[in-house]
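In this document, chain identifiers A, B, C, D, E and F correspond to the written order of the chains, with residue numbering beginning at 1 in each.
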Amino acid sequence: MTGTLPPPERGREIPPPRAVVERIVALALAEDLGRGDVTTEACVPPGVRGEAHVVARQPLVLAGLGVLREVYRQVDPEVEVHDRARDGDALERGQPVAHLHGRAASILAGERVALNFVQHLSGIATTARRFVEALPPGSRTRITDTRKTTPGLRPLERYAVRCGGAHNHREDLSSAVLIKDNHIAAAGGVRAAIERARRHAPHTSRIECEVEDLEQLREALDAGAEVVLLDNFDDEMLPEAIALARGRALVEVSGGVTLARVPIIAAAGADVISAGALTLGAPAVDLGLDWIGP
Amino acid sequence: MTGTLPPPERGREIPPPRAVVERIVALALAEDLGRGDVTTEACVPPGVRGEAHVVARQPLVLAGLGVLREVYRQVDPEVEVHDRARDGDALERGQPVAHLHGRAASILAGERVALNFVQHLSGIATTARRFVEALPPGSRTRITDTRKTTPGLRPLERYAVRCGGAHNHREDLSSAVLIKDNHIAAAGGVRAAIERARRHAPHTSRIECEVEDLEQLREALDAGAEVVLLDNFDDEMLPEAIALARGRALVEVSGGVTLARVPIIAAAGADVISAGALTLGAPAVDLGLDWIGP
Amino acid sequence: MTGTLPPPERGREIPPPRAVVERIVALALAEDLGRGDVTTEACVPPGVRGEAHVVARQPLVLAGLGVLREVYRQVDPEVEVHDRARDGDALERGQPVAHLHGRAASILAGERVALNFVQHLSGIATTARRFVEALPPGSRTRITDTRKTTPGLRPLERYAVRCGGAHNHREDLSSAVLIKDNHIAAAGGVRAAIERARRHAPHTSRIECEVEDLEQLREALDAGAEVVLLDNFDDEMLPEAIALARGRALVEVSGGVTLARVPIIAAAGADVISAGALTLGAPAVDLGLDWIGP
Amino acid sequence: MTGTLPPPERGREIPPPRAVVERIVALALAEDLGRGDVTTEACVPPGVRGEAHVVARQPLVLAGLGVLREVYRQVDPEVEVHDRARDGDALERGQPVAHLHGRAASILAGERVALNFVQHLSGIATTARRFVEALPPGSRTRITDTRKTTPGLRPLERYAVRCGGAHNHREDLSSAVLIKDNHIAAAGGVRAAIERARRHAPHTSRIECEVEDLEQLREALDAGAEVVLLDNFDDEMLPEAIALARGRALVEVSGGVTLARVPIIAAAGADVISAGALTLGAPAVDLGLDWIGP
Amino acid sequence: MTGTLPPPERGREIPPPRAVVERIVALALAEDLGRGDVTTEACVPPGVRGEAHVVARQPLVLAGLGVLREVYRQVDPEVEVHDRARDGDALERGQPVAHLHGRAASILAGERVALNFVQHLSGIATTARRFVEALPPGSRTRITDTRKTTPGLRPLERYAVRCGGAHNHREDLSSAVLIKDNHIAAAGGVRAAIERARRHAPHTSRIECEVEDLEQLREALDAGAEVVLLDNFDDEMLPEAIALARGRALVEVSGGVTLARVPIIAAAGADVISAGALTLGAPAVDLGLDWIGP
Amino acid sequence: MTGTLPPPERGREIPPPRAVVERIVALALAEDLGRGDVTTEACVPPGVRGEAHVVARQPLVLAGLGVLREVYRQVDPEVEVHDRARDGDALERGQPVAHLHGRAASILAGERVALNFVQHLSGIATTARRFVEALPPGSRTRITDTRKTTPGLRPLERYAVRCGGAHNHREDLSSAVLIKDNHIAAAGGVRAAIERARRHAPHTSRIECEVEDLEQLREALDAGAEVVLLDNFDDEMLPEAIALARGRALVEVSGGVTLARVPIIAAAGADVISAGALTLGAPAVDLGLDWIGP
């Protein structure tokens, strides 16, 4: 375990369980569609059918096609959705994502919710892909997300991160032990926190500890931390810190991680780079629904 | 009604109904806290108490203090939350937002969820404020949001927009009539869409129609549109279009609205500028929870 | 907009979104079926199959066939439901509404819930139809419902109103601005209320104001109300009031609206007649489930 | 058990469990208030406070004061609600029901939902009271409701029935055995249905059987029915039927029960008269919210 | 009614309504599967398919096959579930219960939840069967469950009791009247409690009263109890007590009922023996999921 | 990490988050109380107050006092609950657990649900305590639960396990990696499964692998498993297996773990003993509610 992490072998990602996607889409539709689309009811005669393409309006990495499909399943199961791409694909501007066919009223009613999801999730996948591609060739460093996700959307955003080629950090507070600055303050120091954690934490979880300087790092390693998180270490301090930890613990680097710093941190030997920017700061990408006609 | 909109008189905004905030926070806590915070359980002895400040780490317009308060009410109603600022305030880096006091385990368990909300919502308020401040002095133009909101968070994001000093567009698809390109396509043209809408729409809703060029604009005005949305008109075309509509309909300008274009569009005489960037593209701002000690 | 409303062109109505119907039916079944039908379990041998007709037991306008269908989908998806009429149809006593075929236990378990819905909704449609038919031939006046609906059933009742040929008023409190007596009292007068509303209300909503006498009416028109609601004006006062408003605002008449008064109010030139009696006072109509046999 | 039912000793009724009331009110508020009351937000300045009375606008029997209280607890717990009457009271036109004091915006936001509930439930209580008062003095006959209740509101409507002085029939399909015409058809006859039910029904439930003529009645009594429901027996047939059953089973009369028939049926010796009209056909009564001022 | 209960004629039992099973399974999956199965995601390549058998690992009476089926429907509707036995069947060690075929990841993700349900419910069915088989041949005594069920699982556990061949007691507190020691204490005695209950209880419910000695028994019979529950009567007291009640009320015996006492109590002439041990104390039985291969 | 686990330092346990307890209790009350307790309504006059003790009827380790408290908060917040013991306490027969005071109707309505929870959870705590006390003095071996919990009650049951002095295994399938026999089969062998897991699993989770014989054990250790689960190893094989793993991985022993085997397995040097019997097979203990009087 104290060796580095083996390189990932990535492929198509498994989406969140169906029930999770259903619940999130139901909330979003309740919020946007309410009890009906008065514009469509008012100006589109019942019975009119239509066809439309969902299209990338900029280069992007796709994520969320299954969510779009679920939106239309809930709005009107008779709208046919035909995929024209797959999650994880890198698309050019103008490339089609999906083809829709069915009642015009239904296609229009679901348009905004479907696009909001795909734009948001593909924005995360696109950002994640950029971070992964910023790693030096052959690098064994992992890029991961953090818990800085949009409230309510975490399972989808974590999936989008994987579609971009990055990894997920722990799921939630009940999944794994990660001792942060405020835990250390409340527990009375690095050593006290780690030792207490080793006694009480589930034996299935590694003990990870965040440290802010070399002194804390040494204390954490001595106390038996299995993963150390170097928080806000600058580029100069990283090599010494990582050398200190090598062979004793996995090293995660976090805090102020930008695209530009990724190759530097990776070159310094970090096992894991975690970046809140993968989710909380990821700009949505542009997709549109082009009406083809009845 | 065909005159311009009277200038807003802004003050403290009314937050969404309590039940709405409760439901969103409950979902977010279920997602992040799960069935307990194993780190805190493992490394912080029960009974330890603590104090902490929530602090702005960059200049920002605050929104979401009530959400933070609700997070702690749900985690542990005995955590005391004392406000140090109010939603809508412009804060400097380092200014305190709230002071927390209670069980250390509870403060730590709610930290991430509380910060995620306040960072996200204050990011929107800060962006909205920038757009409002980009208007020429004395301008009667309104800045509004759009339906491009994060799925599940719309009521909070709309509130944050108001905290920033901007207005809200319609609530959802069942609130008002806004005929867009795809409705026009499905209804068989601008005139057909508007006339049908006037027959069937609730009499409480104005009939708004999106147009893409001067010809559509004339058709919409002739058919009785009460609000016209000029979609993706460039800066050169705006004055003529707005002159055409003046006295006949309110004019909303949307599509590709950036901060730089706001004064130009306002100067051209738009009644409303709606920008998806207020919500979908607004970067989160940075706030932190500083532990003071037990 | 200040002209009268164009005459409606009515056809089949679009029912509320599927998810809305599902949720309401699920609640009703949980309430009536509980965890099983002990009578059927006790006295009908498993395996017995049956057939039944749902039949009108009095003349009525049908509404709620899709709800009946959803009831059986939730009780037992293998019960086949064949329509014998369509929502909006005027039926005679004895006319069949639907034919059911499947497990006897399932047909019996859903009977009461299905009938309760169809009886209640058809009662509303029937009442609405009577109001619409009370309009003078060629009248441009609209009949609408109000927010006086049965708690929990509003989307279905609004749909039933449309099946009867009437229109819907605003969806809920967040859809449109309607300033009522108590708002006026709280805001400090008609003018203050309207002016403040024009500054803050969404630009997609017309500003409607309820008035109780001619003085308030003048004040509302002067302040820029786009719709005036004449509340409890008697038949003598209506013509003068409507003449005053013509060309300046749409006129809605409400309060004490009975079937007998509809032609009088319409003849006086009202654009809209809104009646709580369409929903809150509508008597349920009688339908039954006739067992045909196995 | 085969004797008649002892006369009721009525007093204040126990309302449904708190959680049931909470859930129904939450749904109704979500439906009517949505994500906020745009009229109040637009035209009532924040901070304005007010006072109001809820007042009976016609003679009525009150039911639902606790629901009104719950509405305001959910809208804004700082609105003070002071009772001026109690559920079950017979009120005259003009009598106050409750006094409200608090933020004007909150009082206005909850007004319609609160009134809808009290009007609907008091309508049921008033109708039930009329039926009870139509019984001959000293009568031992019970008036009960049926399962013909508004979907979603059954627990409240049953409570309103009790406030009116009537009794409740069984709660739902899983509470007790009541064999109806379609069960008899599916089970292969009265005797087969009852015998099978006696074998399989919970021993805590009486076996009640609906009969349509004297022959079915005899068959039901012979098969051991403990309660017989005489369905749609006309006034002439009742005495003979009841005489037949006396001492062998309780007699419930149902079907086409009007206020005028109540004394006749009671005089014929029925133990129970059940009337769908108590709930499904009960006209709402009129109550209003009178604004007193700030 | 005062005679004994007719002997049951048992067959395949009707399971709880679909919606009830769906809701319980959804909760259990949310609890165990969370937002995904990281082990399967990490170590099973996507696309691998598999086959497995669910097998009895000890002799048992099966209950819950429909729940297993629902688990897989929610995890992945493409997993095929083929029954190899039916609820109510007595199986030997090694006998197959079901055959699964589909995506390996899906079969693995649902394994534990599916097995937990079937093990728990079959444990109850097996226990119930033992109690039923302990009755003397030809006995007319019923074995029933009590309200001592696992919170949240009552409908499933009641169904399992029926699969074992036993009966259900009342569904819940709102289904029937059962006066227990603490009601008697609060009402001021046996007679007061029963008389008050006869006045107010629904006429569809028998009045059952728990008694602790012969004196209470006489008081209950005199007051008109239709069912008496002899609580914690020892084997010596039972014959006299039952003789006293015969012809006047049904007799239920409860409290300290073990398998060994069943024939004794039945021989003494009890109509009903109710045992909490059917549910609360029933040991789960062992079933496993044997992987056959891809 | 490859050393043994440090000995636990146990104290009062932190219960699951409030919202989790609330939700489980709400479900249980809905299930048992339904829409009201007809017995209490029928036979206890409104206004009667009472007092009662919850008492242990056998020696037990207490768990679930907070759940009892939540039951009464939901039934009637005015019932006062005074603790007479604390979760984790070992109580003798007859010792009081809590004292209740309030409306008699409320105390009776919550009785069964409250007792069901405390009996079930204390049964688990009592069983867990027996397993912990079966460890040799000074043992560093941990006793843990498994995922064999009652569907819907896992968070409460895990808490009860901790009250008994044992540890929790992983929370759910998304918390940690535990490769079991069927994963190995689906992944194509122990080595393939572990290697793939190391590439893809969150870096916060240890990689645990279940093995069935020494060969698999060696393969797992060679592939880098950090925890090995010896499944169904008999007492003779354990020492050799544990010796093989010592210093390379933590050793968990599971499968067929009885109280009698605990000291043997601990003596063989296991780090963790996990037993489904802590939850799935734990017999409920007996507690009662003794009525003291008004």
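To be clear about the criterion, contacts are C-beta pairs under 8 Å (C-beta built on N, C-alpha and C of every residue); 3 or more make two chains touch, one makes a residue touch a chain.
Keep in mind it's a predicted model, so treat the numbers as computed, not measured.
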Starting at chain B, how many touching-chain steps does it take at least to reach chain F? 1
Relative to chain E, chain with the most remote C-alpha centre: B
For the copies chain A and chain E, the interface residues, called same if over half of the numbers are used by both and different if under half, are different
If you average the CA atoms of chain D and of chain E, how far apart do the two points sit, in angstrom? 33
Taking the mean of the CA coordinates per chain, how far is chain D from chain F in Å? 45
Inter-chain centre distance, chain B versus chain E - centres from mean C-alpha coordinates, in Å: 53
Report the inter-chain centroid distance for chain E and chain F in whole angstrom, where each centroid is the mean of the CA atoms. 23
Contacts with two or more other chains, residues of chain A listed in rising order: 33-36, 38, 41, 45, 105, 109, 154-155, 171, 174-178, 196, 199-200, 202, 205
Contacts from chain D onto chain C in the complex sit at residues 24-25, 27-28, 31-45, 48, 50, 52, 104-105, 107-109, 111-113, 116-117, 119-120, 147-155, 171-183, 185-187, 192-194, 196-197, 199-202, 205, 280-281, 283-284, 289, 291, 293-294
Chain A touches which residues of chain F in the complex? 1-2, 5-9, 142, 144, 167-171, 174-178, 195-196, 198-200, 202-208, 224, 226-227, 250, 252, 271-272
Would you pull the chain E residues touching chain A in the complex into a rising list? 26, 29-30, 33-36, 38, 41, 45-46, 74-76, 105, 109
Under the stated contact criterion, what part of chain B meets chain D in this complex? 11-12, 14, 16-20, 154-155, 158, 171
